[in-house]
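Heads up, the next two complexes both have subunit A, just with different partners, subunit B and then subunit C.
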Partner chain A sequence: MSGFAKPLKIALLLAVVAGLIVVPMNFNRYGLFILSQWAVMTIAAMGLNLTLGYAGQVSLAQGAFVGIGAYAAAIMTTHGWPLPAAIVVAIVSSFAVGWVLGYPALRVQHHYLAFVTLAFSTLAFLVFRNESWLTGGIYGISNIPRPHIFGLATNKPLPFYYVCLGSLAIVSVAVWWLIRSPWGRAFMALRENPLRAQSLGVDTRRYTLMAFAIGSALGGVAGALYAPLTQYIDPVPFNLSLSLDLLMMVIVGGAGFYFGPFLGAMIAVLLPEWLRFTEGYYLMLYAIAVILLLIWSPTGILGILDRYMAARRTKAASALRAVAKSRLETAQ
Partner chain B sequence: MSAVLEVTNIKKNFGGISAVDGVSFDVREGEILGLIGPNGCGKSTLFNCILGQLTPSSGEVKLDGKTVTGLRPSELNKLGVSRTFQLLQVFPKLSVRENLILAGQEHQGNMASRLVGRSDAGLTGAADQMIGFFKLDHLAAEPAGGLSYGQQKLLDAAMAFMGGPRLVLLDEPAGGVNPSMLADLKDRLVAINREKNATFVVIEHNMEFVMSLCSRVMVMAEGKVLAMGRPDEVRKNPAVIEAYLGH
Partner chain C sequence: MSNLFDLLVAGLAAGAIYALVAVGFTLLWQTSQTINFAQGEFVMLPAFLMLAAMHVGAPFWLAIILGILLSMILLGLAFKMLLVDPMMRHGVLPLAIATMALAIGIKEAVKQFFSAEASPFPSIVPTGDISVLGHAVSLQSIGVLVVAILAVFGLTALLNRTSLGHQMQAAAQNPTVARIIGVPVERMILLTFLINAFLVALASLLITPIYLAKFSSGEVLGQAAFIAAIVGGFNQVRGAIAGGLLIGVLDNLAASYVSTQYRAAVPLIFLIVVILFRPQGLLGRAEERTV
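Moving on, here comes the complex of A and B:
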């Protein structure tokens, strides 16, 4: 995104945030549900973007962590615990499970790692479905309450949308901090050249496990918000297809770009809704749009912008060089 | 002069092949030791055994008198052992400055302070100084992947020095670098060797470079040490001429 002047960037960001707060006030129930879902899925996709986009560790299990968070929240809040406590438990449990899932990544990479995480995804789904003493099995858990925040009820769609948006804001700031810290640089070093990183003192084992654990914890946060959003959960939404959807959000938005997940989740959640007028064709059109995008720009939407900016910089630089060269020639 | 690095009877077998077959040597504090030998004689494998990238089949590596055999590369680096690679090993999408900050950041503070502390770990100044030292100033903000081969080679060397190492193992630093840049590189290495009292081991095929840079030269052939001595002694050694230098 470099290339824009900084004040312009800040103004743009503030306008978008203000828009996200003000515009939905007139939305109906369904519109607010979709927008809340966008916020929740963006959180999960940001987690995967950290693991995959920044640290380069393939994971097909992000949906399972959303499930772990969702079940933690559903079970706890239906037993009278407040949602913030459930979110803490969701974070801790998905962080711990994510850490353990990181161990295979110390041995295998790329599509082998994809298969390991895919197996984990299936395992998690089977636990959600079969351990009915805990999860309610195929009947799921219903009547999941929405929280009271500072004494205010968030039962209605608009207040709960603000809960989702506020959580997204907190996660966004935390992730922004993380990726610009030395940890973020170490994550990128894992992606770009783990061998070299090791020889520069980067403890690649610890950072790989951290990349999995933190990314998974964000999946857990998303799940803990998803449960009170839908107020009913069963195992089906957390099967492999959610992991694949989240992967697609990251890739389409632009893996390794900070704003990638926001865009990717917007396309994955909103585009099918906008294409509804085409009735039976919307999924096909959606699929074709994704295929064309990835042929045009394998690095996603933000990859297009990045290339454009790079081209502009190169042009500016060669113009400067041309001026310098002509001056040299006149001087001679 | 005390020995910074002592290597005792290192062996490394790959299946039935002994790539390194009982190599012993030591590296004295502040010296520049050259390591030469025909392709496939085990130089890089020896480096990888010393640096923890490979586990030796047998033998011992001591750093300042302490056994470090089998430590991980990142642990060795924190003890002050750094390296460059034969093939280019930079982080192509990070800028030159970011590459250098990364190369130093793990030597600052601990995991927690690196998470909550400054985003550059306080290293922008040190990185820019290193950039100036290696004459890469105009490229500081460019992605490392966009640099020419020789420039990336310089960056690779610069990165090895960011952590303030005691001992640096350089694997063919001159390979693919043009003559004027090579002279620069040699100047830089000599300067760091003198000013920081850093000790170097240099693998290199460019004889002129090795002979003018190194105080001692070790010659390997077929996994064994063939000769060790001052450059002019080694150059005259009939076994070395036969196995490596040619008549």
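Moving on, here comes the complex of A and C:
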């Protein structure tokens, strides 16, 4: 988006945020549920974008962290704990597990790493399903309460949508700050050239683990919101396909672009809903759309925009050069 | 003891099918760096193609031939030309994601155009038991084992004994040099896609009578084949065979000696251990690391 003037960008951003606050006010229950789901999935996809898009570490386990967060929130809030406490526990536990999952990334890369995380994802699913003393097994956990924020009940869909949107805003600002901090630079160095990063004194070991841990912690946050959103959880939504879906969101939106997860989650959550009029065909069309998009632009939607901007900048720069050259010539 | 014998036979039969699927998986990886996340769905689809052929009145043998031919066109030729070719130069990850989307697409198409329910599928091997070393063994297990072993031996012979096989290996190992010495690399890559399609169609024919034809049955199978391919060695055909058999046996033993709930966990933990301590797989060669 760097082609726009800065005030224009800020105005656009404010308009989108205002739209997200105002427009859903007269949405029905289902519309609000879908939008809340978009906000929650965006948080999880932002986490994966940190791990994959910025730090370059492939993970097929983000869905498992959403599951860990969701079960932490469900178990705690049904036992009378407030949701913020549950979110803290969700963050801490996904961070810790994510850190441990980062260790294989120190040894293996690329597709091997993908398969280790894939195996972890399925193992987590087995634990959710089998440890019924904790997770309720296949019957899941029902009657998950929605929180009271500053004394206001958020049982209705609209207030809870604002909880999700507010959480998304907080996470967005935090991630924005993180990728602009030296940490973000270190993550990108890890992705671009780990060897050079190390020779420049970046502790690649620590940052690899951190990339996993922070990305996973955001998955945990998303899960902790998902549980009160659906108010009932069982192991099925947290199987491998959620991890694959989240990965698809990040790639389709544009891995390594700040706004990629927002767009990717929009396509993954909203596009199937818009295609619902096609009845049984909607997931098929969704799959075809994703394939066509990736054939057209393997770097996702923002990749298209990025290439367009780059081309325009090159053109502008060469025009400037031409002007400068002719000036030089006339001066001689 | 008799229990152990039965488990071993059942495990080897399942493992032989995993091996077929895993071999195709590694072939695609070796020749075109394609990680095919739709490999399980590739096994699920041919059975439905055969059922469709029977539905319009073809006898079983003709349906098998039509099903295999259609699979080779759809899952071999069309898959390569429409999806892999345009995406190959963009690297491993976007292509892998595209195959994930393809898996969703195939599953949904089968659900929509055929049925969401499981359909029975005729067996090419007569049902019944025969006695082996004093144990009753189902003919189906033996049939599966024999067909799978024949297919794998046929493929290994093709790869190692014929000029065509040597050209395929050359194309996989070093496309540039292979091109210089006159190997038609493009055609060899296409050939591996066709072989993969043939192998998955064969696996489909063998496994569907046991587990029924269902749109979602590819998920478990695809994952088992992944694990088999990696455990055995991602870059070796014989590794994939060993991995398939090993995972089949391990899975069956885990089901009765560990717990039915965690039977799926045993191969996964095994996979993690193998990747961490011997990432090239039990029989694989170490790959050069790019970094």
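As a working rule, the second predicted complex is superposed on the first by the 330 of 332 C-alpha atoms of A that agree within 3 Å, B and C clash if a C-alpha of one lies under 4 Å from a C-alpha of the other, contacts with A are read in each partner's own complex, and residues count from 1 in each chain.
Keep in mind that, in the parts below, a contact is a pair of C-beta atoms (placed from the backbone, for glycine too) under 8 Å apart; a residue touches a chain by one contact, two chains touch by 3 or more.
Keep in mind it's a predicted model, so treat the numbers as computed, not measured.
In the superposition on chain A, contact of A:M266 is made with neither subunit B nor subunit C. After superposition on the shared chain, subunit A has more residues touched by C, the comparison being subunit B against subunit C. Contacts of A:C164 after superposition: neither subunit B nor subunit C is touched. In the superposition on chain A, A:R185 contacts subunit B only, with no contact to subunit C. When the shared chain is aligned, no partner comes close enough to touch A:A224: not subunit B, not subunit C. Contacts of A:L200 after superposition: subunit B is touched, whereas subunit C is not reached. In the superposition on chain A, A:P298 contacts subunit C only, with no contact to subunit B.
By the touch criterion stated above, A:M41 is placed in contact with neither subunit B nor subunit C. Overlap of the subunit B and subunit C interfaces on subunit A: residues 193, 195. Against subunit A, in their complex, subunit B makes its touches with residues 51, 53, 72-74, 77-78, 82-83, 85, 89-94, 98, 101-103, 105-108, 111, 114-117, 119-121, 159, 162-163. Put simply, subunit A touches subunit B in their complex at residues 178, 180-183, 185-186, 188-189, 192-193, 195-206.
Those residues of subunit C lying in contact with subunit A across their complex are 35, 37, 83, 86-87, 90-94, 96-98, 100-102, 104-105, 108-109, 111-112, 219, 223, 226-227, 230, 234, 261-262, 264-265, 268-269, 271-272, 275-276, 279, 289, 291.
Residues of subunit A that touch subunit C in their complex: 58, 104, 107-112, 114-116, 118-120, 122-123, 126, 129-130, 193-195, 240, 244, 247-248, 251-252, 280-281, 283-284, 286-288, 290-291, 294-295, 298-299.
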